[in-house]
Amino acid sequence: MVESKHQWKAWLYLLPAIVLLLVFTVYPIFNTVRISLLEEYGAMAEMGLDEGEYFNFGLGNYEKVLQYKDFILCLKNTAILCVATVPISTILALLIAVALNSIKPLQKTLQTIFFLPYVTNSIAIGMVFAAMFNIVDYNAENILNSQSLGIINNVIQFFGGNPISWINQGSSYMANITVMIVYIVWNALPFKILILLGGLQSINKQYYDAAKVDGTPKWRVLTRVTVPLLSPMLAYVIITGFIGGFKEYSSIVGIFGDKMGPAHDPGLLNTMVGFVYDSIEKDRQGLASAAALILFGIILVVTLINNYVIKKRVHY
Amino acid sequence: MSNVINSNSVMQAKDIHMISTGQKVRRILAKTGTYAFLLVMALIVLFPFYWMIISSLKELSEYRQAIPTFWPQKVMWGNYSKAFSQANLGDLFMNTLYVGVVSTILSLVITVLSAFAFARLEFKGKETLFGALLATMMLPGELFTITNYITVSDLGWMHTFTALIVPFLVSVFYIYLLRQNFMQIPNELYLAAKVDGTTDLKYLWKVMIPLALPTLISITILKMMGAWNSYIWPKLVANDAEHQMITNGLRNAFTDVSGQADIPVQMAAVAIVSAPLFMVFLFLRKYIMQGVSRSGIKG
Amino acid sequence: MQRKIIAVLLSVVMLFSICTMAGCRRGQKVDNTVSITGDIDLGDDIIEISFTHTMGAKLQDVLNTHIEEFNKIYPNIKITHQSAGGWSDINGQINTEIAGGNPPNIAYCYPDHVAMYNIAKSVVVLDELINTEYKIKGTDERSGLTAEQKADFIESYYNEGLVYGDNKMYTMPLNKSTEVLYYDKSFFTEHNLQVPTTWDELWAVCEQIKAIDPECYPLGYDAEDNWFITLCEQMETGFTSAEDGGQYLFNNAENKAIVKELREYYQKGYFTTQELYGSYTSNLFVETTDKRCYMCVGSSGGASYQMSNNDTPDGTFAFEVGVAPIPQANKDHKRTISQGPSLCILKGKNTSDKQVYASWLFVKFLCTNIDFQAEFSMASGYMPVLKSVTENENYAAWLARGNGYEYLVAKCVQVGIDGRDDYFVSPAFNGSSTAREQVGAMMLKCLSTDAANDAAVDALIEQAFKDAIEECEY
């Protein structure tokens, strides 16, 4: 790192970003903290306050969040989705990006295909998944008597397996979570491929040439050359993946609808941010803010640990 | 700097290197595996796109069927003409393009400057500041909606393009991304430039930006898509005819009284407005894949 | 780095706690009552009115023509309107706008939404505006409603404005829908089945149908939550009450018995619902070759989805669809749920009195104008809220077509109009939308969870009710 003699220069470069962030991010965060400490706070309720009426100041919202009967469940779902999806999507994206980078014929066509998700409407993505996992008219006694088993079950049958209920009645928590993981990984892939593909271009070709001269096997080149050199981008993809994973919510609504769970157990797949949204909708911003800050605390700790571990392995 | 640029002396090595038959077989197997993997993944990734296209050609009743069809029983090209005639696509497109282009350009400038400061310059509190920025990404943005709405209305920005552009110009997400990319670029280049007496800005322009071009293009694509997909915020601050954005126009035009969407027509509309965007992406893709080699610099 | 971040965060928290305790507050309560002390003077300056709705393109065309009509009477009231998307979109958007002090003047609403807006005291109380005998300055027009205008409203629709537990009027009905029973008339005629008017009759018909076609679901019911709420209302077993800021009354033995009975019928295969089936029940209803249902309870606004298929080469319909009111529990206490848009007038810190008056005049215009009511009904398939709407000749002719195979929408509207004395809406208060959500979830749980024996079923239902009430009261 170079010691700049003119520190003010750095601040000058950062000035536009900092000014805008102060207004549109930092100030709202302060407000969030403030609101979380006002018991029973709601934005509507505040508008309706009489002169001289105030919200009590205290930790009541935090207590209430912790007392929520499904608090642990929400936390557990959030954690599982995070821990499972980030490694899978990162590894897959890495393999695809490296493979895309290494081929000659069809390269352009394939690259184009991997760009198509960017112009695909999110409603369409949700619909595909419904079609893939949804069983129409689930038959509890004999699943094969259901009206339609969904594409995934058809594939399973094709390979001689037994179809199961993924998201409908009679589905297990494991099946539900598996669907969510597949969906989230799928959703995350295009972005990660784009980032890693871009990152690969910045790697010095010399290293590869050197490896070729040595006759190093491809797989070793990947683990010994590509991954270390790509580590800044990988770190980025992993950390932002975790942050996104902690905020997972809309994907669950996409699969299970507003009831956030299979028919026999609505709410089973609710997450922390699901709780936050729900509270905002009910004009309980105090509760929502407290829940978000509790989650924030948890993410912060995890990220710091993550950062600490990754820092030891990232080579700039 | 020059010695770094001309250091590709080992380039021809592979032609000289002798390859045994065993290696050849292994190589062919590896190639086949690579292609098989890519093709399977491509199919998976492509499926939603395919679904969007066939849905845009279905009749509403067919779209609502319990057992989805993989090909429209009756191909409804009419959905496309309906999409064209019902929503004011031309205006919506121009509004979105304007917001997309302006915010992308401004955002790129801010992002490059900030990322450069974080990646190359040394100043007090850098780590802390960067950590704090990252931390801001961890709160769900929906918590900020009301506060920002009030700010924008206090600033008198309601029903202006400014309200659509300015609040989202800075994305820590992209600053972080570009900083990572800048940090991939060997520091020696910067040192050499310093010795040569090159100014920071010149160095940034001549070396860093060309080298980080693939990432900058990625950011451009993501930012443009952001403009295309934004829905809730534009609806709040500028949903009047002069400023309406594409997603708002589309989602609101094709609903019946109960707020139920005519999805096939919506999909057709999305396909229509995404087509030019996709062309731009195809054009930009070239630069993602060739950014470095074209600039002639091999870090 | 960690320590520094924590230090920064803590100092921020401290700073703002101090600020809070000192009482930083931006709430500016608006006065949501209106007092009229003389003829209403609109002046000559342009009064701008914003109107947020969920209308699609077709309905917006109807609206635009009638805004022109309105402007012939009040040239200086300028109405701008925008669609906010669907029903859940509009609620979220207006919540934010109210919290920002800047709501639209007029909004499409459901009672649950209004209950939310009422927390901010932003919804204008309409009583004074309705009842005032003062005129609009310079005209002979009464600014309130005349006795004839009031009497022309279908009473149950009009009373929807009063469900907020404080005897004040907050909304005016615009156009309404309800749940109706669609049935395969051809099938019913062929097998000599009676269209059920009570639930007992319905279950008997289900048994008969099941004997004819063992594979079928005799009945498809779209919305579990509506079903439960309707049954509570019909049997007077209690759902919620808006008294004292809202109470949840549904956790009682009678309701558990209702759900248990439904569960038995579900286990027998007598019915399915949208969630349980995994797709729209209307698909089962219009199906002709695969598994199907012969009766379907759904929104009268969704009639076009219940149309039987006429894709045959000669264009004939697969079967005739009949429409009937939903079954009742007690013929002396007929109750049917009412849905569909009402209008409320909102007030923010910058809303002037003139804007409130102008908004009221526009709301009054839309709700009492026979032509608008008729055209809106024809374009949407919703029911007009005025009794005299059939005075519009086009509309009368349109309604008259409503039998046979083709004009199902008109047929449906006619059934809706005939049932006008039976409508109810559930009480609305802060938390009423949660109650609706929770009973929907409770129904799903009770119907679809496996249970080994009778005791297990009781335990399951007990638990589901307990969970629902706990969520409501959280």
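Each chain carries a letter (A, B and C) given by its place in the written order, and its residues are counted from 1.
Operating definition for what follows: contacts are C-beta pairs under 8 Å (C-beta built on N, C-alpha and C of every residue); 3 or more make two chains touch, one makes a residue touch a chain.
Predicted, not measured: the structure shown is a model, and the values here were computed from it.
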Report back the single chain whose CA centre is most distant from the CA centre of chain C. B
Most centrally placed chain - per-chain CA mean versus overall CA mean: A
Chain centres from averaged Cα atoms put chain A and chain B apart, in whole Å, by 17
Could you state the distance in Å from the CA-based centre of chain B to that of chain C? 40
Roughly how far is chain A from chain C, centre to centre by C-alpha average, rounded to an integer in Å? 35
Which residue numbers or ranges of chain C touch two or more of the other chains? 1, 5, 26, 92, 96, 99, 101, 277-279
Two or more other chains are touched by the chain B residues 66, 135, 146
Could you list which residues of chain A touch at least two other chains? 43, 136-137, 147, 300
The residues of chain B that touch chain C in their complex are 61, 64-66, 86-87, 127-128, 131-132, 135, 145-146, 149-150, 153, 158, 232, 235-236, 239-240, 248, 251-262
Tell me, which parts of chain C touch chain B in their complex? 1, 4-5, 8, 26, 54-59, 80, 82-90, 92-93, 96-97, 99-102, 175, 177, 277-280, 282-284, 286, 299, 301-302, 305, 340-341, 379-382
Residue positions on chain C within touch of chain A in the complex are 1-2, 5, 12-13, 15-17, 19-21, 23-30, 91-92, 95-96, 98-99, 101, 116-117, 119-122, 272, 275-279, 290-291, 430-431, 433-434, 437, 440-441, 444-445, 448-450, 470, 474
Which part of chain A faces chain C closely enough to touch in the complex? 30, 33-34, 37-38, 42-51, 54, 57, 68-69, 134-138, 140, 147, 168-170, 257-259, 263-267, 281-283, 300, 304
Chain B contact footprint on chain A (complex, rising order): 1-4, 7, 9-11, 13-14, 16-17, 20-21, 23-29, 31-32, 43, 92, 95-96, 99-100, 102-103, 106, 110-125, 127-128, 131, 136-137, 147-148, 186, 189-191, 194-195, 197-199, 201-206, 209-210, 212-213, 215, 218, 229, 232-233, 235-236, 239-240, 243, 246-247, 249, 273, 276-277, 280, 285, 288-289, 292-293, 295-296, 299-300, 303, 316
